[in-house]
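These notes open a run of structures that come right after.
What follows is chain A paired twice: with chain B in the first complex and chain C in the second.
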Partner chain A sequence: MTIRLKPVDAVIIGFGWSGALLAEALSGAGLSVLALERGQFRDTAEDFPPSRAPDELRYAVRHDLVVKPAENTITFRNRADQTALPVRAWGSFLPASGAGGGGVHWNGQTWRFRPSDFLLKSTIIERYGKNFLAPDLTIQDWGVTYAELEPYYDRFEYLCGISGKAGNLGGKIQPGGNPFEGARARDYPTPPLTMPYAPTLFAAAARACGYHPFPQPAANLSRAYTNPLGVTLGACSYCGFCERFGCGNYAKASPQTTVMPVLRRRPNFSLRTGCTVLTIAHDGKGGKARGVTYADESGQVFFQPAEIVVLSAYTFENIRLLLLSGIGTPYDPASGKGVVGRNYSYQTTSSVQLGFADTLLNPFIGAGALGMVVDDWNGEHYDHGPLGFIGGAYLAALATNGRPILNHPVPPGTPRWGAAWKRAVAKSYLRTTRLLASGSSLSHRGAYCDLDPGYRDRFGRPLLRLTFDFHPNDLKMSEFVTARLAEIARMMRPDWLVVAKRQAPYSIVPYQSTHNVGGAVIGGDPATSVVNPYLQSWEHDNLFIVGASAFPQNPSYNPTGTVAALALRAAEAITRRYLRAPGPLT
Partner chain B sequence: MTRRDLLASVAAIALTGCAVQTPESGLRFLTPEETASLTAIADRLIPADALGPGAGTAGAARFIDRQLAGAYGTSRDLYMRPPFLPGVPSQGVQSPLTPAARYRAGLAGLDAHCRAAFAGSGFADLDGARQDRVLADLEAGRIMLADGGRAFFELVLRDTIDGFFADPHYGGNQGMVGWRLIGFPGARYDYREVVARHGEPYREPPVALA
Partner chain C sequence: MQTAWWAVVFLLCAALPASAEDRVREGAYLTVLGDCAACHTPPGGAPFSGGRRIPTPFGTVIAPNLTPDRETGLGAWSEDEFARALRFGRRRDGGFLYPAHPYPYFARFTRAEAGAIHAYLATLAPVHQAARGADLSFPFDLRFLLRFWDALYATPAPPLPDPGHDALWNRGAFIVTGPGHCGACHTAKTWLGGDVAARAWQGGVVAGWVAPALDGDPRTGLGAWSAAEIAAFLATGAAHGQLASGPMAEMVTLSGARMTAADREAIARYLKSLPPPPPSPPPPQPPPAVMAAGAGLYRLRCAPCHGRDGEGTPGLFPRLAGSAVVIAARPDTVLRVIRDGARAAATDAAPTGAAMPGFAATLDRAAIAAIATYIRNSWGNAAPAVAASAVTP
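Showing the complex of A and B:
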């Protein structure tokens, strides 16, 4: 029997970065706010102190901070003519669970997208003409511009204390920063981290190639910092246990280290963990969302009425809850009509591994977002006319993930076991590094999410079904940028080098990136988007769908900075405008 | 115990592959015979040499035993609902078999193969050169086991390396020999003093979790 609870002003589904930012803004405006999180409560002192955090097997290999596939997974196929099968063990990406969500175990690479990223389709057409785009690409403009988002990027960077170096202050290019970035109002709140050896060698080689290396903007803080909410973060110790781990130093910006200490003191905010939202109740198209039905860990089902519903789970669960709740028209790949599940995209990554005979690189010294980057081969920073593809990648040397279970490289041709392998791994571990190309991913007609017709979760609900493969445009792009990355690698004069290209078919098995985006995208036209530029549902004006599910396609950069900027902009629109005059914001 | 209970418990053992507990040995899943085979395998995959002890000596079998007795061994956290349909490689492994069941079957199959091929000797009884040949044949798919020889080889290789480089409290990296071999300082957690000392050796010994 469903227990009906007392109404709240706002209920938030999922307590990761998006949920925490909305919770802070809405409770700060005086609303009663309840956040529901499917995973467990977690905080630094109890759950990832330095005496427990640096455990590679537990966190990096067995995925302790990630949702268990037994609790929720997806099914996957490359093409619509295949039968999708369940992702039984995570591989290509690692959706989070628990308080703080992916904000706990992320690397901390904190980017802004460029002005042209928000106007991708019109920029490409203006520059190269309509016929340049393959007919099955479904890329579109965002309906929001960089200039409109800039204050919210700024707010997030200052909430986190991001370490970096500005490249463009108010239109003036700054030496040492990213000369290709959009204009920013002020510099980062803390200076860049200290660079270890491998990124330093990469930057020198990139300069020799004529490029413009700059420090990766990092949510691993170069020094202690107190944010505008009065919460103090510590300095990064370069411990090397960052991505897939919680930070024991309070040095990685996360909901725990930036907003939770404030939320805990607010009597009008509460967080209920172990609570899985089953559906969003609503009055039908054009009516209001009424609240959510959820189950706690005992299986007891509750109905929580709310005036405002914020859907801020991971991309996949945002899409699934919309489909399970009958909100929005499901996408139909045959006709190209419908919006929910449409325009899924990902990240097109590739890498080069390089080893030295004598140079000690000490890969155990690391952080999540510690490294040097060049942006010269990204987006519209170069002419795509003669190349026949759009998009690009940032190229980087990041001192990250140097732990030995998942990183024990040997030169090519080494046996995989035995005495020769042992000698090689003993020599190579300290003398090998990897360069990364993080490439864009374009949405296309055959990449989408819908409900699986067969496989179900522990509540008997259909799993989400992902149909995805890399578009030929992205494979062409990846081939090109990987060749540029290899040129920089050779300039570093390694003794050996292995180029790992990205090839089709996309595989769910090897880890690539937890940058699953789209499916409930932002836009100015309800025929091609699920939410308006304030992340407000076109169908229910008191439902806000927050997260990377809003991205119409994926630029090359890591998504968190933009997820947060969109969330903060939506939160401000709710508190300043929607509360006064509830209704459509556009 | 009723007949029904007895049948249920037999079924449970068959399903999970749980061995009778042997508290004296400290084993939680493996039998002493399986442990001997695994130790011998691990000592060939990562052998003892001038650089240090082999993976078997470092505790590979103990590591694998504990892992198999826990969430990993039973696939507790994985999506294990049927149907298990054959897919394409890009869809990932689709198998109802747990690692615990695969070890039980794989080690039994390897033992049977060795006893047939080497006049009654099990894997652990063979000399190093013969052991290497058997492992190379498994790796190349020239020895077929019920679960596929190559797949079993890959499973044991991965788990042996995982244990060798995991924190010592898991049992497979006793004395931190895996970390000492490559120069990984373990759970030091603070390199502020050395991050800018490019190209210099790090001299502090490794530390493990308590």
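Showing the complex of A and C:
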């Protein structure tokens, strides 16, 4: 029996960064807000004390902060002519679960996308002509510009206390920052982290190559900071346990360390954990969303009526809940029509590992977003004409993930086990580092999500099916940027070096990136998008779909900054405009 | 916002003839100054409905129901009866209340103020909540003996205003020695639970928490604090590198943060006028082996938050260097916080409410004692070493 609950003004599905930012804005505007989170409640001191948090087996290997595949997973195939199989152990990406979502276990790399990223299709066509685009690419403009998002990027950076160095203040290029970034109104709230040795060597080599290295913008704070809500964060201790871990030092920006202390004090906000939303109820196309049906941990089912529904789960669950609820036309890869599940894209990563005989790099000194980056081969500021591909990558040396269980690098040719292997690990651990190329991923006709015809979850609902392989454009791009990365690596004069290229077919087994994006994308045209530029559903004006599911294609950068900026812009549109005049926001 | 409202209320109360509504508002504000909710409002329960168990060195006292329920609350109490109980610790039948009710301080309330509090409590929704009384060990369970306690300790405080001081100081003196009942925690107690007059404001220990000295001692008291820092601490629970936790966190959230800024300033003014005590001899040097063990443990377990030199982070992690709580004669707070952890006060002005995890599960008694000894004797701190046997498992 479904229990009908008292209506609330707004119900939020999923309490990660997006859900927390919407919760803060909507409850701050006086609405009664209920957030439903499928995972557990988590608090810094209780769940990530520094005496316990650096448990690599529990968090990095056994994925304690990640949704259990037995509770929810996806099925996967590379191409539509294959049969998809369920993921039973996460590999290529790690969808979070629990209060704070991925904002708890992220690395903290906090980027802004660049102005041309939001106008990708029109920029390419304008510069190289229509024929430059492969016919199966489905990239599109966002319907929102960098200039429109800038204030919200700024707000998020100041909410988190991001550590970094501006490269472009109001159009004026700043030495030491990223000269290719979009203009920002002001500098980062806290200065860059102190650079360890490997990124320092990388930066010197990159400079020698004629590039423009700058410190990675980081949500691992270089110094203590009190945000505009009055919440205080601490300074990073460079312990190196960021990605896949919660921070015990209050030093990594997360919903816990930035907005939850304020939400906790608001009587008109509540967070219910262990609650899995099953469907979104609605009046049919053009009508209103009416609320959500959810199950608690005992299996009891509730109906929660709400005036506003915010869908802010992970990308995959955003798409699946739309499909399960009959919202939006499902994408049909045969005809190319339909929108829900369309334009899935990922991240095209590659790396170079390099080791030294005598130089100590001390990789145990680390943080999530601690490193130096060059953006010279990223985006649209170099001529792609002769290269024959779209996109690019940022190239980085990050002092991260130097933990001992999963990281024991050895030079090529070392035996795989035994005394020689042990000797090599003991020598190489302190003398090895890895450079990264984080490359863009273009949406194409054959990359999409739909409901699996066979596999079902514990509630009997179809799993989401992912069909994805790297587009030839992205492989070509990766080949090019990886060669540039190797050039910088050689300039560092290592004693050995291994180039790890990205090759097709895409494998879902080795970890690459939890930047699964698209499937419910933003845009100005209902025929090619699920939400308008305010993340408002084209079908139900009181439904807002927030998260990286809105990205029409993935630029090279990590997505969180843009997810947050879009969320804050949507939140402001709701509180300033939608509440006054409910209806489509244009 | 709240502070501004109270300020308006207070000014109105001071300026106007007391209409019934003004009296209720005055009474409500006086319950804030008296921090009455700390004992009489159960956590998460109806305001002033009582039933909360208050631990004392002599046993447990149950805070009674102050709502106007006729059977279990104050519904049947006359204003005079209430005023006598509030100010002089007498029950309706004339018997004695246990001095867990801080009536020796509340004697500062005028009869009119007591009436205002009674008028305010009468406006609350009546709650039927019968738990009251006490569970004390012999001979403290013999209420008639309180007659002698009264004679010993319920001594009349010096009259106010003191013409030798200005109005702000006098207001501070009224709050600190009256409704605020600061000495209930911050003055050492005799074995009978009375104030040790000679050691007034030199700090005490309450329910396993050190209440540091409020006198002018630059190390153990407020000598190094500015008046502005004291006022900020009362408002937010965070100032001078320190954070309120334990009973003081409750005092800040229920009372300090809800007072008028003027009253916090008055308290600070009065406290800053308290002289330092006579100097005491330095404690003996701690054993070097214990200090070395403590230094190693500290660097691994504590320094990531509290800093390599005990400097802390304002508003987030308390500063240990120069902390009065850390170097207090008794290490109770230091030991309990290392063992069980603690959560700082969260207020509208400083909502972080950061918490420290407990280490009882991962550190043995010797290790906890070594860390305590180390932080009590580093970065300029000096306090007696802590023996492993002093750590409660």
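Brief remarks follow.
Here is the rule we use: the second predicted complex is superposed on the first by the 586 of 586 C-alpha atoms of A that agree within 3 Å, B and C clash if a C-alpha of one lies under 4 Å from a C-alpha of the other, contacts with A are read in each partner's own complex, and residues count from 1 in each chain.
Convention: contacts are C-beta pairs under 8 Å (C-beta built on N, C-alpha and C of every residue); 3 or more make two chains touch, one makes a residue touch a chain.
In this text, all values refer to a predicted model and were calculated from it rather than measured experimentally.
By the document's definition of touching, both partners, chain B and chain C, reach A:Ser237.
In the superposed model, A:Val425 lies in contact with chain B only, and not with chain C. In the superposed model, A:Leu485 lies in contact with neither chain B nor chain C. When the shared chain is aligned, chain B comes close enough to touch A:Arg456, but chain C does not. Annotation for chain A, partner touching more residues between chain B and chain C: B. In the superposed model, A:Gly248 lies in contact with both chain B and chain C.
When both complexes are overlaid on chain A, the residue A:Pro50 reaches chain B and chain C alike. Shared-chain residue A:Ala70: touches chain B; no touch with chain C. In the superposition on chain A, A:Pro261 contacts chain C only, with no contact to chain B. Taken together, the two structures place residues 50-52, 235, 237, 239, 248-249 of chain A in contact with chain B in one case and with chain C in the other. Listing the residues of chain A that touch chain B in their complex gives 50-57, 61-62, 68-70, 73, 76-78, 82-89, 91, 194-197, 200, 235, 237-241, 248-249, 359-360, 362, 364-365, 403-405, 408, 416-419, 421-423, 425-426, 429-430, 454-456, 505-509. Residues 44-47, 49, 51, 71-72, 76-81, 83, 85, 87-94, 132, 135, 139, 157, 161-162, 165-167, 170, 178-179, 181-192, 194-196, 198-202, 209-210 of chain B are the ones that touch chain A when the two sit in their complex. Across the complex, chain A meets chain C through its residues 43-46, 49-52, 224, 226, 229-235, 237, 239, 248-250, 261-262, 264-265. Chain C makes touch with chain A in their complex at residues 301, 303-305, 313-317, 341, 343, 346, 348-357, 359, 362.
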